[in-house]
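Order of writing sets the chain letters: A, B, C and D. Residues in each chain are counted from 1.
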Amino acid sequence: MASVQISEAEKVYIMHGVRDDLRVDGRGCEDYRHMEIETDVVSNTDGSAKVRMGHTDVLVGIKAELRRPRPNVPDEGYLEFFVDCSANATPEFEGRGGEELGVELSNTLYKVFNSHRSLDLRSLCVCPGEHCWVLYVDVLLLQCDGNLFDAMSIAIKAALFNTRIPKVRVLEDEEGGKEIELSDDPYDCLRLRVDNIPCIVTLCKVGHRHVVDATLQEKACSAASLLVAVTPRGAVTCVRKLGAGSLDPDSIFEMTETGKRVGKALHAPLMELLQKDESLGKKRQKVGFLA
Amino acid sequence: MPVDTKRVRGPEESQSPVLFLPPSTQSPAGRSGQGARGNADIRPVFTRCGLVSQAKGSSYLEAGNTKIICSVYGPREIERKDETDMKSGRLVCDFRLAPFSCRKRGAWIQGSEERDLSLALLESMQPGVCLHRYPRSQIEVNVMVLENDGSILAHAVTCASMALADAGIEMYDLVLGCSLRQDGDACLVDPDVLEEKGSWQSGYEENQGRVTLALLPNLGQVSGLQADGEMREDALPAAVRTCIDGCHKMYPVVQQAILRAVKKKAPPPEK
Amino acid sequence: MAGLELLSDQGYRLDGRKASELRKVQARMGVFGQADGSAYMEQGNTKALAVVYGPHEVRGSRSKSLHDRAVINCQYSMATFSTAERKRRPHGDRKSSEMSLHLKQTFEAAVLTQLYPRSQIDIYVKILQSDGGNYSACVNAATLALVDAGIPMRDYVCACTAGFAEGTALADLCHAEETGGGTALSLALLPRSQSIALVQMDARLHQDHLDTLMEAAMEACKGLSKVLDSVVRQHLQEVSVLSRD
Amino acid sequence: LSTNVTCFVRTAEPLEYHRSFLKENCRPDGRELGEFRPTTLNIGSINTAEGSALVKIGNTTVICGIKAELALPSSDAPDKGYIVPNVDLPPLCSSRFRPGPPGEQAQTASQFIADVIDSSNIIKKEDLCIEKSKLCWVLYCDIMCLDYDGNLLDACIITLLAALKNAQLPKVTINKETDLAEVELQHKRHLQIRCHPVASSFAVFDDTVIIVDPTAEEESLCRALLTAVTDEDDQLCALHKPGGISLSAEKLQDCISRAVTRNREISKLIDKVIQSTEMSK
């Protein structure tokens, strides 16, 4: 993963700061950086969102395509994840350099989001066994300064909220042949329920404490972190230990608790913001990167 | 699609006969197959070290029908010299499922599941190995699952740490793995394939999940943790504790296998 | 596609523009904090992002470095969701490699590479949304990013496309016009010296018409250069206001 | 001290070291020139495969798993099924193999096995057809080396044959009404094995000395390799000699007659193991 190298003295400085609940940028241990969220930024997608968290910048575009359902779940649609670690984020990712990380990230996203508990996959089915919607969730990393997972999960949730899939009707003719008709009314569309979609909170163990939303520098001081996916109701849907170090059981429990608390608190303002953003409708000034 | 010219190719498309079973027989009854096993019991484990003559160290592990073989090569010169600091060694993990190891045939080319498992294995093993003792070199761990009957990642962790020990690689501690399946109120340790799937993927029931944990038993440190599924508030910590207990249950078996391998390599002086 | 009428009898184009009218251009410099230079560019519905790293030591093998000037390294990629049909891969296909090469050639002509011997300048461009004129949006964005990075250039490099329909030259084509069957020409121009950094045309055109087409493209480029210049000036003003206090 | 010296000679001048043994008509591991390493067999240990076998020749360990799938027969042979053999030499089995696509040796081995299947007719491909131009079986024979210490081909053929003999396919019928296949797992039958090919490999040292069943070290030092495949009727099914020095017809005949006796030994072994596996059930 993209990383920075820092000196021993810097490490000590950061670790002492974390011990006293005062981080280099003035935050407390459980504070996120300033976050900017904007939806509907790329017009030729079915849903999109951009999240900026400090110097971490993520753009998510969702495209829906009609495909055959998977044979083992014929009455459900599914999600596909692709993470493009573009060279924009760091020159290391040039050519095929970002591929490995991209696969790693998309695998984890798949585990976190592609379950019928977080999204009603059945609503994506058009015609059991024959047609279903596949949501291609493409994540573009534009800049990375740590805490990719959290930023990606928020962007994905926002983009799913923003997604509008055209309504389709299945017409059956006399011989039993089926035809699919797309609704041409742009307002006649399917929205996704995002109430249960989890957000990821990554906790980074620095010294004896752990911090939320670690920057790359803080990450360099830590050997292990814990990824926790939390739903708005506070249920944990995914836990992963990341990094080369190990954790003692007690800190795992503590970190999951913190993750739960922080994650739960994250959802409400996020939904509020998304709803407010949408109610502005066309009046909302689209700034995109022009902000 | 690029054509794979380096292998003997079959027809473009073929389907597993499992897909054509009459619907009634498609999901054979749950847990009856294993006979009487308590929910908290691990399956009988058979382990052996030093089977692969060409490798520096190797091990074989059988838990129920799950069969895993692992070999360790190195330390040898680092292959990719571009990045990484040279002060500490590199651990390289390759996790593969043999094409015939699952109910559905797998492909030869490493899929994303295997890559994911390789990474999980690497992150679980890394904290246990004294990599700073092997500057400028890499240690390769190759794991092959011959038959997948559940809990492969957990057993692969155990198997890999035995192979590392057999290869004489310096370690802080062994790494043991254990996995668990939360199915409603039942908490099944060391699940087999049927238990792993269970009603979780088809149903919408409460408190379903899966936990895999890797433990350094003497240091009491958790080196790997993966939990998926929506579990009740108290179920997750309980599951972690149960897995830790499960790991400790494996410890004597693993110890014995390593001891045997050591004795074989350096027989104690006869009296 | 014969059915598509690129220019109406009244002289309006598909999106209501006049023949020589450019699409709305919006741009911003310094969008990212981590890169040495960055810029975002919208030309109508085409959105491009450019990032510049360097000049820095040559990465990878030493043999690539040049003793008398800097190496320019470009990568062009498209977001998988940027086109109407989803792309499977962001880069690495033949078209992106060709585009990367074109960008490299363009900027080798414009950047004062001899000021930075034995070093490398990375230019990465990404198309976020594609609606025709990808190449020109990339060039314009990259120019702004280079300015943002403070890398000396001979002049702005401005790029624009021009097409030819029913005897009239059309400036700054959108996607429908590009694929509509007419001729399309991309031009990258250093406006002050009127020198051409790169020109490309892949379709048939009677040589008598070439002059009109080139003329239209040059005009469009000059128009763009004014916009770019104002963006740079405005950015500098903002920055200097910020740094004054 | 003497062990140290021999150790040194073995690493520094491996060929000389081997020659010194061959002169005495024996080999460094104590075998005679015409002696195979102990060969053991384990059949049906992989439950997820339709048929499986693991064979060990000395240290060399090879496992074969057979997975059967259903497919459409090809248009140029509508009454035939498919057999798809592939040999994999994963990095697990020796440090000489790297991860990634199969190397040259794995490719040649796969092709060799495919040729043996075709030429010997182990299984008639017509037997794998369920309904003409509609449905047939594909037998994926995935052979994987777990420990590479020479003589890969012999081991591959033995494990393939044993796995095929072990394989059982469920009964499949095509439902006349729905035109879909129906699989009955309760009714399984063995494949009809029509031929029992067994391979024997030889290595040539110094133009004249021929040894059987070379180890990895011997393979790397010898001047030529030869593999002969014969069936139970003493017919030659395949002969494989990838380059190296030439061999007189006489010597070749010797090799083939050794291969014929080897076939007897292995056939006996396979039958014995199959019997005991069935007994233990």
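Assume a residue touches a chain if its C-beta (ideal position, glycine included) is under 8 Å from a C-beta of that chain, and two chains touch if they have at least 3 such contacts.
These figures come from a predicted structure and were not determined experimentally.
Asker: So which chains count as neighbours of both subunit A and subunit B?
Answerer: Chains touching both subunit A and subunit B: none.
Asker: Count the C-beta contact pairs for A-C and for B-D, then tell me which is higher.
Answerer: Answer by contact count: B-D.
Asker: If you average the CA coordinates per chain, which chain's centre is most distant from that of subunit D?
Answerer: Max centre-to-centre separation from subunit D belongs to C.
Asker: Any idea how many Å lie between the Cα centroids of subunit A and subunit C?
Answerer: Once rounded, the distance between the two centres reads 31 Å.
Asker: Centroid of subunit A to centroid of subunit D, CA atoms only: how many Å?
Answerer: Result: the chain centres lie 50 Å from each other.
Asker: Using CA atom averages as chain centres, what separation in Å is found between subunit B and subunit D?
Answerer: Each chain reduced to its C-alpha mean, subunit B and subunit D end up 29 Å apart.
Asker: Determine the centre-to-centre distance between subunit B and subunit C, using the mean Cα coordinates as centres, and give it in whole Å.
Answerer: A distance of 51 Å separates the two centres.
Asker: How are the chains arranged in terms of who touches whom: line, ring, star, complete or other?
Answerer: If you draw each chain as a dot and join those that touch, you get an open line.
Asker: For this structure, enumerate the chain pairs that meet the touch criterion.
Answerer: Touching chain pairs, listed by label, are A-B, A-C, B-D.
Asker: Spell out the residues on subunit D that touch subunit B in their complex, using ranges where they run on.
Answerer: So the residues of subunit D in touch with subunit B come to 45-49, 52, 59, 61, 63, 65-72, 74, 82, 84-86, 88, 90-95, 99, 101-102, 106-107, 110-111, 113-114, 138, 140, 142, 144, 146-149, 170, 172, 180-183, 185, 216.
Asker: Name, in rising order, each residue of subunit A that touches subunit C in their complex.
Answerer: Contact set of subunit A toward subunit C: 42-45, 48, 55, 57, 59, 61-63, 65, 82, 84, 86-88, 90-91, 94-96, 136, 138, 140, 142-143, 145, 288-290.
Asker: Using the touch definition from the top, list the residues of subunit B that touch subunit A in their complex.
Answerer: These residues of subunit B touch subunit A: 19, 112, 115-116, 119, 123, 126-128, 204, 211, 216, 219-231, 233, 236-237, 240-241, 244.
Asker: For subunit B, which residues count as touching subunit D in their complex?
Answerer: Contacts found on subunit B: 4, 6-11, 13-18, 20-22, 25, 51-55, 65, 67, 69-71, 73, 76, 94, 96, 98-103, 105, 108, 110, 140, 142-144, 146-149.
Asker: So in the complex, which bits of subunit A are touching subunit B?
Answerer: On the subunit A side, the touching residues are 71, 103-104, 106-107, 111, 115-117, 223-224, 226, 231, 234-249, 252-253, 256.
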